[in-house]
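The chains carry the letters A, B and C, assigned in the order they are written, with residues numbered from 1 in each.
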């Protein structure tokens, strides 16, 4: 057995495979499931599985933020959006059996295949660095330091963008409230 | 035994350790549930001039055992048209998020199951699953009361989570680390008057209020307001599924109390017996000539039991202090619950967004300014609390 | 800004006040719990329990004259009264007086209707039965429970001046087993003919009567009476036996509606 493939038998890889399968399956389910609340919960499950993969790479901070922001806040936000958009529409009866494969479905399949091949090509060609066994690079202190020194301009730009988005959201809703 | 352990493969060691720690945490959680539930009933009874549970063992202090046995054998009632996977999974998700808090709480010197670097953020992240659990229960029950309770609970928890994290940031800024054991160590180094209760008194107040709201506990128990919503998101649950919700509630309560104790009351730090005796001897010696004999005797006694400063003894003392401080907060939560009426939903939101959030932001600002001053002009007071204490001449370090 | 601080201050102050109150209640006030099966609580004097029949402890006769007014007054028709006229004493004798407690609503109307102070709202509880069929309480039972509400002094008809009005609920008279004049076992019997003198226990014997006539013949007289009484008055109900069913005297009926 060549040393390149030894990791396939390690515990890490097994757990990674499990998490990846959960993430992929729940992402797929999120797309195809009919009940939109289930879709939101599958989304949370996907995020959780991805956070588990981060944990496997010893990027604890990223994993925690993944859960805090995506599985926690964003899912709740989606749930609120679902709730506020009227229950009757959500609880609508399962519509009549949809035909499985139409002409467009084959087209989608082909496009997806091409996209997957393209992504695989990019990942293989990029020679991404392997995850380091000692997670010294991902401590909170290191992230904070680099965020406020090396990456301070993108950080501030992102915060400004979010602020603008927030102000815009407030203005939009305030206008709606005035009109009502 | 040690040799046997060392001979085991690394993977087996890891798995055995994980299993052992997990089982210990579960047992600890269940024991805490059994005690906190009876304590809640006892405290409510005392405040209403009753005696509370009395019949089952030790004047009713073992009431949790028959309660749980009864709930074990009860029938699972499942309404028609429930969303079955969500209905069944919801209590488990909530239970998981309650138990996971205990992974990182230091219950003694070095007594953490997982000394995570991210500490506080881990807790904040795990809390996010509570919202999902409540939503799953409320949606899955196919009941309007459940759904309303779930909506309220989700709105309330997501509002207060922001405030909660903001109130903790002050402490984190003073320590310079998110790791809970680092926070405790910092408080140990600062001494009794350096516990973050006084320097972070604003953050402490905000944290107490916000964690009550986060726990869905009275006076913020809007999601299970029994006078409006039967019992909110767990209206349709019965038997052991309901029991899991009750478990979750009390494990959460004790978990958040332990975090409050860790952040603001110095966690497991506290004087042990030799230190107390030494201090007593010093006081007696200082009083005058007549008490010198007694003072010397007490000091000698302190020296003779000096072995209690180290090893398992120190750990046990730390654990006792930790439990005492935790249950101080548990009692505080119960005291508040049986004193105050429930707030309205708009009052709740006003309190969270318009008062607590600005106050906690102000606390961050104040802490930042004081910290800046302390770092750049060494010798100046580090915080308001230590400033006042220095004025009084009580500064220990 | 100042408004917010003032609000917060007031909120904090009222919060502390509330906590103080509950803490005081918790620490300084003892529990008022009554450990029920171990110790029984005394109910207040105005407690409305099961309606019971009173007995004149001096004579051992029940106060009830079978007039049927309680039956008339009862809104839910739970009182059953059957009676016949005693041929010797020419008085009405109750054959059966039963109350169906499964339907009784404890309204106190029967007590208010009673002109002879023969009924009382008892303070007894723990009268539960497994089967509601068993909740029909017969005369014997009512008389036995009513003993402790009965007094020695005959209060007489309520028309009498100075007597308590019937709507005043009765308290316990404090009568003990000693007070009950049941030596000959004729407790709860029908009113006797005039001229009958009962046997009294020592604490109720008047000194002059003892002086006038020696107490020796009195028991014999009573024994004779008792020996004769069951045959002569079939409605007499000794407490240890089921109520005697009178043979051919069916002058009363079940609900007492057409008792007159």
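Quick note on the criterion: a contact is a pair of C-beta atoms (placed from the backbone, for glycine too) under 8 Å apart; a residue touches a chain by one contact, two chains touch by 3 or more.
Please read these numbers as outputs of a predicted model, since none were measured by experiment.
Q: Would you identify the shape of the chain contact graph, picking one of line, ring, star, complete or other?
A: line
Q: Report the chain closest to the protein's overall CA mean, measuring from each chain's own CA mean.
A: Of the chains present, the most centrally placed is B.
Q: On a CA-centroid basis, which chain has its centre farthest from subunit B's?
A: C
Q: I'd like the Å distance between the centres of subunit A and subunit B, where a centre is the mean of that chain's Cα atoms.
A: 31
Q: Distance between subunit B and subunit C based on Cα centroids, please, to the nearest Å.
A: Chain centres of subunit B and subunit C, defined by C-alpha means, are spaced 60 Å apart.
Q: Just the number, please: Cα centre separation of subunit A and subunit C in whole Å.
A: 80
Q: Note which residues of subunit B are touching subunit C in the complex, please.
A: For this pair, the touching residues of subunit B are 43, 45-51, 54, 335-336, 338-340, 355.
Q: Under the stated contact criterion, what part of subunit A meets subunit B in this complex?
A: Of all residues in subunit A, those touching subunit B are 11, 35, 37-38, 41, 44, 60-61, 64-65, 67-68, 71-73, 75-76, 79-80, 83, 87, 139-141.
Q: Report the residues of subunit C in contact with subunit B in the complex, numbered from low to high.
A: 4, 7-8, 15, 18-19, 21-23, 25-26, 29-33, 35
Q: Provide the residue numbers of subunit B that touch subunit A in the complex, in ascending order.
A: 11, 83, 86, 116-118, 121-122, 124-129, 131-132, 135-136, 139, 147, 151, 154-155, 158, 161, 177-178
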